[in-house]
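In the two assemblies presented below, subunit A is common to both, partnered first by subunit B and then by subunit C.
Entry: the complex of A and B
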């Protein structure tokens, strides 16, 4: 380690911190989050929601009745966050979470429409099909990356558009609901829906919680998780000592796609009970945000996912009652990422002012 | 059949211009070593700013395009501040800016009620008497002014990047920032300059879509063209002229889609709309299969320059 050299910008000098007490890191993080949220509140105020009204809406989201909706919304968000975080752990930028969700939803709906399996196990079949659908859509990119060194950021993003158009193709074509003639699939049968299992908790949340536990075991305790840490810390060394880089990458990417596919299934089977045109809208960046804020830790993903669900439900409320477009949620998410990412500058650098 | 071909090829420049300008803007900023994923967002900013200006002033497409350029340049300062000054991970910063712009343009477009309102476009420049030449006249001498301006911009940017001192400095900063820094070139200043000037071109690309080509503002109307431009830059090996040819290729692909349906050929429309994205992936596979990856990439692409960390 070389000694840090100071640099002067006029009256400001900058030098590298070796490390920073964790409470100070938390303080910087909290401070930047507060600034980000303050900017968001300001934008909302300009858009016509006074802060006091916003506070009462937010309080409304957290009461018992809306809490149920929030928990239903949290399940797909947590799953998408898991999908993003495990892929990001090995530096695979899976930004195709929306496309994988769509394919998860399509595969699940296919099981419902073609009535595959007896009614008693139909839901399980749908979930498995959704996981396979998400996996399929991301493994295409993993193959292209490994075989042709195709940049996965662009490829996954572009495949979102392809998946979206494929969904339109189905919903305006063979899968169009004959009863309503709307571009949506016909409604799932009662035994094909994720229902409440008591205390207002939806069974989709159970899937998400199991996903969190499995992912936590996978990245922290399993052999593959150890390989993942090795690969992200030092790929050259990992290769030399014989870590199966390619097999681990494929496994991790497939797991990431499966999570996103399951998110698609949970979303369609617990909320609308049918495929709609826009059921996956806004989930890519939510996944990135959740992974980023949780530092790719599956256990933290559960907490952050719940908080983003609060944001989603608030956004829906504002959309219904104040005609604020739902893209507001995306703005707030981006501001939070920008604020938190910027705060890392203060964690890594020390600034002195010379008087 | 020849009508179909002429109609198609004559419209290709209009669909190619956004790709060409956005890719060129990305090349300028990536040549300075900044991995720039912001194109999709900044094109939306340009498109909204252009459409908004045109609707507010009731016309004035040239003013609208200038406003589109300036607003994308201003928004790109946010990205520049994050990656150059605060040294944030360039992928995270780029994505955050894209999604911020997507959200913000959607919000402003809806609240200001600019959705689906007709915009006065830019009339075609009919270069008489060349425009009277059969076929060639329609293809080359009856385009809108921005098509010709784009070619001029390519000459200028190519000249500045490869024949002037400032271009040399920008490339030096992208190739080896530590060496450039030691030679007394300000890495931060040149990177910010490259990002902002490149983003103005991206903004023009967006403004062109809403003001000249589509003549409407629709939320999210760039529809992934920014990402295709990012892929085009890799395809073009960070060189302007190949980017122009690539843009023309994508212009041809995009221009053929509405014409196939108009010609009465029955194809599923949503499957047709996938073709630009699938073509982009095919091009990326082709680039990878040629096994030349990494050769032309700016040496320090994606790495923040932290002088205090040198060892």
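Entry: the complex of A and C
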């Protein structure tokens, strides 16, 4: 007998599922991912990369030298994923992660350019400044949302462009590198860079790991994390029982911006060691993807962030050796999102075919 | 002449709560038949049975003298019975014609919608409604949406039209116009049944009236010969002797509500200069027909909705009507809202979380850095046992799995764990069985003994009468009369309907 929630579409009916065993959920998720990856491999094959060579490239990413690059790439991705996931936990759709990264980078670069603080603490100052920069750029939106009910999706997204053009303004203006005359800042001094701390691990990764642990504590163990659950589960009820919604929202949004700002800092201080035009390109999409795949859990963000870094590095290699545009990486990201989203659908619905 | 609609011996219960008990209803063809009764008397349930929405546990339905069994609303429409519900069932972004087509399917869309447009025009002309079939329904006023609902049912060829509290959402002028239209419709042969609380409407527009009380049919009479006093008495029943109770000393004022006003976003004024005060150790009951501002009053008091103007003063906190600053009002005020899953519980979170959330600020469950989950679970388990919350296998299970009565007990356990100075309870026993209901009342009386100031808002007059020390009657967003215990039931009943 069909339940009242059953719906019919031609010869297909859909039922809502009440509950599904977790191993079946995992099977659906795994199956969808496999299909998504298979489609990605097929697309790459059409673009001229035989699957066998793709496999050897992927294996190459995991050798010692490439692993170092992958971990360097993983740090900003994990931080930006944290920024997305904690904001998403309370339903604040922060799509301005790129703008906040840019402001993180700008604030950090300002500390370097104006030589604020002694050399021994310069790097710490740059990190703190970056966190403040990211926070500043997102709190503008938090204020607009709380005070004037401005939709944060649009506001954060569009402020990415404002940040981007402000960055251009600096790089084509006062901060332009005098030596090369390229639109980029002059290189940071050696003590202003995030360097390897042995075993091929970059200190940027330390920041990301600490970020993961702090975010994990924040959402799982702290009182604010407890409040966050009520704010997302039932805001009207949370208000009535005395949950400090506004204060918690501001705190969470600020933390989200700070994570993105730190991601900007880690990116500029560990890879190019200078502010470039495009250091934040594409990170908002990656951040949202990581948050989505990790179901907003900071600990899982670390794992997913690493996997996306593998994808990035592979993409870069393919770009160099096979002239595949980097957009291909974003296409594969998108295919994976669609695959996971459809597994969610299958987890929640049962499909029958009528003969 | 045979009866147009006859319901006999109808029984219906929901999860053990009896809604209809041997209810009877008879309507003659072409008459306007009013169905009168208090909230919870079973009027809507009975009409939902007639419209095929509820399958009765026992009883028979006959149309034009022939017994039928209805498998659903569509089947009822096939038999010529259609109902306009209190909450309209329109698909907002669709046009009027599309909505009506949806309820009266045609084989092909193109020819079907043409046909429907013509039918709407004809039907609207006959009724004197001004309906544009191409308007989107979300641009219509409430009165216009109601007209669309009526046309929707009539286009389907219905001969028995049931309207569930059609005038509750209308202004006086709109209500008069609607009821006049209904009269014309009846003259042309359609049988119209309308559910109402309002005596004046019954006297002025109905050819017959059936009165229900407590799930039973009390009487069917001719409203022209019955007096208003008779109708009131039949509706509210005889005054039962109130149990004696200890008189608490007249305490100081704990809660003062002054000139509270609230206008909805659509401009409708729901609260208009509502004023009353409640002393320590006193239960102040607010009686009234539902929809007269009680829900808005409760929301303003518990802080779910900010009033437009006026004050809510609580001893020790001052005016909290707009304050978002300082300590939350939940520190001094216990909120027992009518809609538990809207304002009292987060269904997706655990029982322990739901219990602990209101007290976590006090530091009882750890400092800001670390939440003490063990203490939460321990306290929640104790509360579940103390308040007899049934159906709890573990305090880690989702709150949404609790039945209505047990969810209510959990809310009360949480709200009373703080010994609040003020309690606001809105329909606290709605949907509860007799035992759970008695337990809830016991808790309210215990809070009164302890010296709390209690506001009890309820549409159940018996509940108000048996618990309250003083009673305010609310009509059209204001308190129109106050009564001191032991209050005269008839007088309150009159105050409730006279101003309506």
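Couple of notes before you dig in:
The rule is short, and it goes like this: the second predicted complex is superposed on the first by the 340 of 355 C-alpha atoms of A that agree within 3 Å, B and C clash if a C-alpha of one lies under 4 Å from a C-alpha of the other, contacts with A are read in each partner's own complex, and residues count from 1 in each chain.
Going forward, a residue touches a chain if its C-beta (ideal position, glycine included) is under 8 Å from a C-beta of that chain, and two chains touch if they have at least 3 such contacts.
Predicted model, so just to flag it, every value in this text is computed and none were measured.
Subunit B and subunit C, once both complexes are superposed via subunit A, clash.
In the superposition on chain A, no contact is made by A:228 with either subunit B or subunit C.
Once chain A of one complex is fitted onto chain A of the other, the partner contacts of A:318 are absent, as it touches neither subunit B nor subunit C.
In the superposition on chain A, no contact is made by A:308 with either subunit B or subunit C. After overlaying the two complexes on the shared chain, residue contacts for A:72 are found with neither subunit B nor subunit C.
In the superposition on chain A, A:260 makes contact with neither subunit B nor subunit C.
By the document's definition of touching, of the two partners only subunit B reaches A:331; subunit C does not. With both structures placed on the common chain, the touch criterion links A:131 to neither subunit B nor subunit C.
In the superposed model, A:291 lies in contact with neither subunit B nor subunit C.
If you count the residues of subunit A touched by subunit B and by subunit C, you find the higher number for B. The superposed model puts subunit C in the path of subunit B at one of 38-46, 110-118 or 164-172, which is 164-172.
Residues 37, 78, 82, 85-89, 91-93, 95-97, 99-100, 102-104, 106-107, 110-111, 219, 223-224, 227-228, 230-231, 234, 268, 270-271, 273-274, 277-278, 280-281, 284-285, 288-289, 293, 306-311 of subunit B touch subunit A in their complex. Chain contact summary for the complex, subunit A toward subunit C: residues 221-226, 229-230, 233-234, 236-244, 246. Residues 302-304, 324, 328-331, 335, 337, 341-349, 353, 357-358, 360-361, 366-371, 414 of subunit C touch subunit A in their complex.
Looking at the complex, you find that subunit A touches subunit B at residues 1-2, 4-7, 14-16, 43, 47-48, 93, 95, 144, 147-151, 153-155, 157-162, 165-166, 168-169, 172-173, 285, 288, 292, 324-325, 327-335, 337-338, 341-342, 344-345, 348-349.
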